[in-house]
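Structures for review follow.
What follows is a pair of complexes built around chain A, which joins chain B in one and chain C in the other.
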Partner chain A sequence: MQERTYEKYFRQNRLPHIWCPGCGNGTVMKAIVEAVEKRKLPRDKTVIVSGIGCSSRASGYMDFDTLHTAHGRAIPFATGIKLANPELNVIVITGDGDCTAIGGNHFIHGARRNIDLTVVLFNNAIYGMTGGQASPMTPLHKKATTAPYGSVDRPFDACQLASAAGASYVARSTAFHVQHLTDMIAEGISVEGFSFIEAVVQCPTAYGRKNKMPEPAQMMAWLRDHAVLQKAWDKLPEEKRSDKFPIGVFLKRQFEEYTKAYAEVIASAQGGKK
Partner chain B sequence: MTEMKLMQGNEACAAGAIAAGVRFFGGYPITPSTEIAETMAKKLPALGGCFIQMEDEISGMGVVLGASLAGRKVLTATSGPGFSLKQELIGYAACAEIPVVIVDVQRVGPSTGQPTSPSQGDVMQVRWGTHGDHPMIALSPWTVRETFDAAVMAVNYAERFRTPVILLMDEIVGHLRENVQLPNASDITVYPRRRPTKSRAAGYQPYEPEQDMVPNPADFGTGYRIHVTGLIHDYTGFPSGSPVVTEKFIDRLHRKIAIAQDEITHYDEFFMEDAEYAVVSYGGVARTAYEAVRKARAKGLKVGMIRLMTIWPFANKIIEQTAEKVRAILVPELNYGQLKYEVERAAAGRCPVSLLAKYNTLLFTPDEIVDGIENLTGGRI
Partner chain C sequence: MDTEIFLKSERCKGCGICVAFCPKKVLQLDTLGHCSVVRPDDCIACGQCELRCPDYAIFVDKKVYA
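For the complex of A and B:
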């Protein structure tokens, strides 16, 4: 049997978690700690920061310094931690509502600053904690308790948003593609700058039941059948893309990281008057 | 003492915070507080500190809370509209017990109001702006020199009690320029960041209170692997739904400040020895009130003055004593009436308490307050 090396990263006395049966959040949480192990991040110098919502409960189960902030505000708190002590590795856990609705402004400005955070967005396309309301990432015409006739609000593509706002690394994967997801996160951790990974997760309870996928396995099959690797996606004709979505690394670029840039400000200020 | 220099209230605020060890500022520009951010942007990097201009007032609050958890002493500054936006995270700081100082340089509201005329309209927002039961410490200086001291004190109290502290300034003091002589660094008492007093192995719990009822959650990155949350939590720092834990927690938050109230209540008494009437005043208005009391004295009126520096927790004792002694109290305020009701509550019928309210963007003139005193005395000398 394969050794479960990831278990040491969890606070065993806080488990079991509060997520519903069939939820994909636990898969992403595990992928994060596997990526931490892969990158050999020192545990006492790694901080997990989360917002509010289903995704953001993950911080409480993870055995690091952990911070469960207010709704939408994980990135500002994380920015303060990283800038105050740049030797810390800071991983942000957020959700589609937390990151792109109430925290949308912080999200784009975190990317714009290119501060060295690894932001993992658990995208379940719904507000799960409050019982299934539409989020800015609920697909068009899908149902939610606040969109009983189907959502008419156009959804965000959070990866495009992060790319346009200035992130150094942008990727997407799903809770079905576990190894791929782990690799996407691990690569994001190794990039110096603002890294953004969207992890599409199944939420059979709050989303699936309203949208003809009440069984976890149905939702996992949907992830399998609709996620298309970037290379294949590029070759896919427009008419065949319909409700499919690409996964993989969308962007990786080098741009001066914020705390490095600020270290230069300090050096210049301490060097006396110019 | 250092050499005499001309300084603005907002600059003195920044200087005091730096003297108390603040090495991180995050915020968003808003008049009449912006000079504090500008001063910090210039001075902090030279001290190895950080300044960051955030995308909004809310993140200005979030970023300093993160930096505080990572071990820095932190400051943010704002005015009315921004102070309203910061309220949720002020409550977060109270609940998670994160040291932070928030400067509110008051201006006329509500809403965008009259930018940026002086006001004292945020007195009650300071106390009750964030939701839920929580204590609050707020200091309101009346001179540029005292603004420096109040900033030092605010940072020290934030660290000592691990709580948000509001430096409640107003446009008058914030933009005032006076000659000041600041103390030497060696004469300034600085409260150090609290640290865990035992190891995990010895049973350390991040939110277990010490004798002074304040816990010592470890700074991030120091190996304790603590959990910090805005949910109500037990000594471990993890959320608890227990009614017993909740009640004990809310109790302790209040009591850690209440048991130190005498120590953190600062006020001045002027001409109170033979006073038959008293003016209770604070902030920039106290400057005018002081002049008015002197003028009234010259007319033969036996009037004294209590100048409150600590606004919250409210200085019940001195108001009780004063109300016991005098025939009536006058509270001049640049608002529609806020602290007057607190004075009245503390006076508890021992003497009448009158409000002199002004809310038209203009300052009181000394004569307006003299008239208020004369109305109080009914012309009696």
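For the complex of A and C:
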């Protein structure tokens, strides 16, 4: 068998990974390394930063310079890395709880500064590692251990949040649409500025078992049937949108990038200009 | 079809995604709950199993004759 080229990006002695059978995080991790390969990022110039949670275990399996940081604080750590050495490519791996609850503030301020990070949010709609508590991205009326009658809290739309906060690139894809997801992440890497990609993943263990989808393949089929490409979504009448969600690129725009703006400040401060 | 399926069984967790998405029902879970190839001749090398496997445990190649 021809060894697959993405295997070199994994720490082979750490595999198989710790995620549950059928968890979509593995698929997204592969999509990230394939996007890195597609963009031909040198391995010693690429840094993977992650927070805490199921998704954030990914940094331990990826053979780059990796950083597994405090809960919700992946973006601040990544900001520090990028500012200290702007030629590094920094990819942030975070989960829905990590990014929108514990690190919600850091997330919107990272987007506001428009610093050149690629943030990949693994959205499994639940706190999987701690036993299935409802997260800020648990859909309305879906069950969790802390919401036995269904969640009454309206969920965040992280893509709209990132757009409103000032990100340069915002996209969404799912663990079912593997190639689409790889393209979205690859495009996010090449965009200069804050890129945000939400990857909807299946969590059969914590989320699926509570919501009548205990089989991983069943959850993937759900993703297939309920994700609608942006162009089709625009034409979709309101009454058919209820349980579906759009995927694709939502936003791409250009703003001044933070490290460049900062470099100008440094230059003028050191040059003594007024 | 001339295809070859490789399994890295030590990585397989038996989630059954490959079995469910195989259009030709080539794969099955064995008694230990791991993926196994039961109808290798039916494989059309579509690569769905390899694409969707979250544990990187299955690989499909077209046979190459020298």
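The rule is simple: the second predicted complex is superposed on the first by the 270 of 274 C-alpha atoms of A that agree within 3 Å, B and C clash if a C-alpha of one lies under 4 Å from a C-alpha of the other, contacts with A are read in each partner's own complex, and residues count from 1 in each chain.
Please note the rule applied: a residue touches a chain if its C-beta (ideal position, glycine included) is under 8 Å from a C-beta of that chain, and two chains touch if they have at least 3 such contacts.
Remember, predicted model here, so these are calculated numbers, not experimental data.
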By the touch definition at the top of the document, which applies to A:Asn25: first (chain B), second (chain C), both, or neither? second
For A:Ala78, is the partner it touches chain B (first), chain C (second), both, or none of the two (neither)? first
Touch test for A:Arg4: chain B only (first), chain C only (second), both, or neither? second
Kindly classify A:Val178 by the partners it touches after superposition: chain B alone (first), chain C alone (second), both, or neither? second
Pick one for A:Pro237: touches chain B only (first), chain C only (second), both, or neither. neither
With the two complexes superposed on chain A, say which partner A:Met220 touches: chain B (first), chain C (second), both, or neither. second
Scan A:His17 for contacts with chain B and chain C and give back first, second, both or neither. second
Complex contacts: residues of chain A adjacent to chain B: 14, 43-45, 47, 49, 59-60, 63-70, 73, 75-85, 87-88, 105-106, 109, 262, 265-266, 268-270
Given the complex, residues on chain B that touch chain A span 24, 26, 45-46, 48, 50, 52, 54-56, 58-72, 74, 88-89, 92, 220-231, 238-239
In their shared complex, at which residues does chain C touch chain A? 4, 6, 10-11, 13-17, 19-21, 51-57, 59, 61
Where on chain A does chain C make contact in their complex? 1-2, 4, 7, 10, 15-17, 19-27, 30, 175-176, 178-179, 204, 215-217, 220-221
